[in-house]
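The two complexes that follow have subunit A in common; it is paired with subunit B in the first and with subunit C in the second.
Moving on, here comes the complex of A and B:
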């Protein structure tokens, strides 16, 4: 009996460790593959120049248009999503604290929104765009991506806020704070690491999504200057270049993937650092 | 005829004589009933809390002590399932049946909960919080008040060199005293303490008990506890509850030496 337990324990520990580390291996593998495949095309021109004539046939230039477009869209959309998501998450957790049923209904709808595929958001954004008589543009892309990532922002932040003990609410109210003061001065503060995570997740989803910007942001070889100009994005840049029959262009697709992954990793580190820095005062 | 000055003077006199009088009441609960769905949590509670005394709410777990405390600073508002009826008077104001300026009502009561909940900010800002939401911006006044209240709870010497450290870096006992200081800074008249020592080590508990004895000169204290010895050490007035009812109330010497009800007798025997 005892022997069996020991063997069972060993097998299970091995299995769970194996699963955990294989996931991390997958990450390293992905980074390795895109790095190796795109290595030859990785040069300063890729980041500093926009496509010149004949770029898509192996000519000179880079993907600055897509880097700029992606950053503009992801930053713009994340800002809008913060503007929507922050008050919404605080509302659910502070104002609605007495109304558990309403809270759960709202969470159900937000989860449904989260689950809608991004191509549907793309189609919706496209319809909206036509309705307002707009062209494929930076603005249309930002709005569509903002719609896509807002539920992610709200739910991720909300998930952290919902774990804050009721005693902290009560302590704040007992000191004579209004609900709004409790929300912004106490609950937001306590949930700040969760807020950072929410921003990061939303940004990552926004900058990496191709389907939602396909119809709405369009594609261009220029860096957009105005909100009504079309904007290129990195996922679409990868998509177009990867479909090329010319090996040099396919290499550039991988180089673009390296750039996109690098941006996301950089952000992820920054977010971890910030979350740690600001959770020093948190109640544990 | 009508002279506002004399009326104000009279009112002042009343307040003064009330404070001096032995029988002064800080709080009066009248016919309080609380339901959670079909469950009758508090039944016909009527009681008076004497001013500048420690009133101990005693009783077995789940008898409604905490709910009664939460009614007193309207934290029952946070629970939709609780239906509350009756009156709670401070002076002549019924604080239970009003929606007017609830933060001001809550500021009259300091709350000390079972485990400390320091705000997720520095030690200094924890004590300054109440003042800042009252709209006080004068840095000197806030500094003064922070020091005064940290001294009041005997924490000043321990933290004066690290006021900007996170409140959570303190030990649990220190955190509980910080929460007390934070509550005192908003100048409450009544301290509601809900088993404030249950999460603390014996030494920290002793400190809190000592503070309560000192503080009753300036504050009225309502203490929920189910530590019988603590009740005996601290109580000036005892309210014994069981199953949501008040079984007995009176002076500790009467209650503890000559319990009238079987419930209290049983509780005293088991509690020792």
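Moving on, here comes the complex of A and C:
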């Protein structure tokens, strides 16, 4: 009886170790496949040029239009989300500190918002766009993506703020500062590493999301200059180029995928490094 | 022309230009892909979460954190590209012939595999959080009664956390159900109701994403697509509301 138990344990520990290690392998495999496939077609032109005539038949050019469009949309949306999210997260953790129930209800609804798929945000943004009589444009894309990433920003920042000890809050109030001063000068500074993580996470989500900008941002071969011009985005560029029957264009889709993966990896490492760097000066 | 709610949801008659909208192929397509991905994630996430919280060396946990973060942060279009490069040829060239059928590779099975890989980091993260809430005393009590470590896991960690585990998977399912681009790239997008995982399907999000261009040119088509978005929203919102509530409750204990 005892032996059977031990054998059972050995089998299951082996199985679960196998699953865990294979997850690391899967990640390396995905990134490896993308990089190996994409490096053939990756050249400076891809990053530095917009599509020229005949680009979609294998002619020369690059995806600068999509890189610029993606960055514009992600930066714009992140700015709007900071504008909404920063005060919201501080409000939840400073003004509402004595109302546990309200805090939890707000968190609950934000989590539900986080769970809504981006295609629904896209459809919503599209309806909003039609309602205001706008065309597919940079502005519409920015607004839709901002709606998508605001809950992410608030919840990620809030998660860090909620771990700040209450004593710090009380100490600040005891020194005679108002709640707003406490929020911006004490709590925000203490939660700054979390703020950076939240910003970079939302930025990454915004730059990588395809379904929400599919209806709203449109697609163009030029780098957008005004807010009312359509804008191309990197995920859509990958998607459209992959749908082409011409091998060279498909190769370029893989190269664009390398660019996008590289941006995401960079953001992820930057978030880790910066959060560590700024939390060194924190009070503990 | 108007259709009743039931004929919209249960009819398989899809002819937008004649004003007939039956969503059954899309709904079954979505459900089938999601179900398959759930079957794939079920053992992987549960076992790795147990390993990471109970058995693993400390250095592995330190490595797994960035791995989970990066996997969760990769855009869905990247998973789609990977699916087209690897999963589709493998399904078409290896799995389908091994089971004695043929497939183009753009199939429900490929969609399920890609979705599963996408959902694993998300579910795993929540499961690890849930398992961390188990008090060490409970495990120690079980060990001191002579149970092996695996038995303690089975009877204390898993048995005591049913709500948390179910919620983690419920939220994962909700995420899989609304996933658009990655699935759309590998699932084939053919309108039909089929039980064969090697056939192509057409999930709801793909329907919305593929047809936005022509939706204003056919009468009622835009309403139909918005109805699809509405169905997605309601189903996912209900899932989220129920399981978030359960998870909030587990965390409070």
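In the analysis below, the second predicted complex is superposed on the first by the 261 of 284 C-alpha atoms of A that agree within 3 Å, B and C clash if a C-alpha of one lies under 4 Å from a C-alpha of the other, contacts with A are read in each partner's own complex, and residues count from 1 in each chain.
Rule of thumb we're sticking to: contacts are C-beta pairs under 8 Å (C-beta built on N, C-alpha and C of every residue); 3 or more make two chains touch, one makes a residue touch a chain.
These figures come from a predicted structure and were not determined experimentally.
Of the two partner chains placed around the shared chain by superposition, subunit B is the only one that A:166 touches, whereas subunit C remains out of contact. By the touch criterion defined above, A:48 lies against neither subunit B nor subunit C after alignment on the C-alpha atoms of chain A. Contacts of A:266 after superposition on the shared chain: neither subunit B nor subunit C is touched.
In the superposed model, A:176 lies in contact with subunit B only, and not with subunit C.
In the superposition on chain A, contact is made by A:99 with subunit B only, not with subunit C. Within the superposed three-chain model, A:120 lies in touch with subunit C and out of touch with subunit B [touch as defined at top].
In the overlay built on the shared chain, the residue A:189 is in contact with subunit B alone; subunit C does not reach it.
Legend: residue contacts after superposition of the two complexes on their common chain; A:25 is shown touching neither subunit B nor subunit C. After superposition on the shared chain, subunit A has more residues touched by C, the comparison being subunit B against subunit C. Subunit A residues in contact with subunit B (one complex) as well as with subunit C (other complex) do not exist.
For subunit A in complex with subunit C, the touching residues are 5-6, 8-9, 12-13, 15-17, 19-20, 22-24, 26-27, 29-30, 33-34, 37, 104, 107-108, 111-112, 115-120, 122-124, 126-127, 201, 204-205, 207-211, 214-215, 235, 238-239, 242, 253-254, 257, 260-261, 264-265, 267-268, 272. Listed in rising order, the residues of subunit C touching subunit A in the complex are 43-44, 47-48, 50-52, 55-56, 60, 63-64, 66-71, 73-82, 84-86, 117, 120, 124, 148-151, 171, 174-175, 177-181, 185, 205, 208-209, 212, 225-226, 229, 232-233, 236-237, 239-241, 244-245, 248. Remark: subunit A residues 97-100, 165-178, 181, 185-186, 189-190, 280-284 touch subunit B in the complex. Across the complex, subunit B meets subunit A through its residues 73, 75, 77-80, 103-104, 106-107, 109-111, 113-115, 117-122, 129-130, 133-134, 166-168, 179, 182-183, 186.
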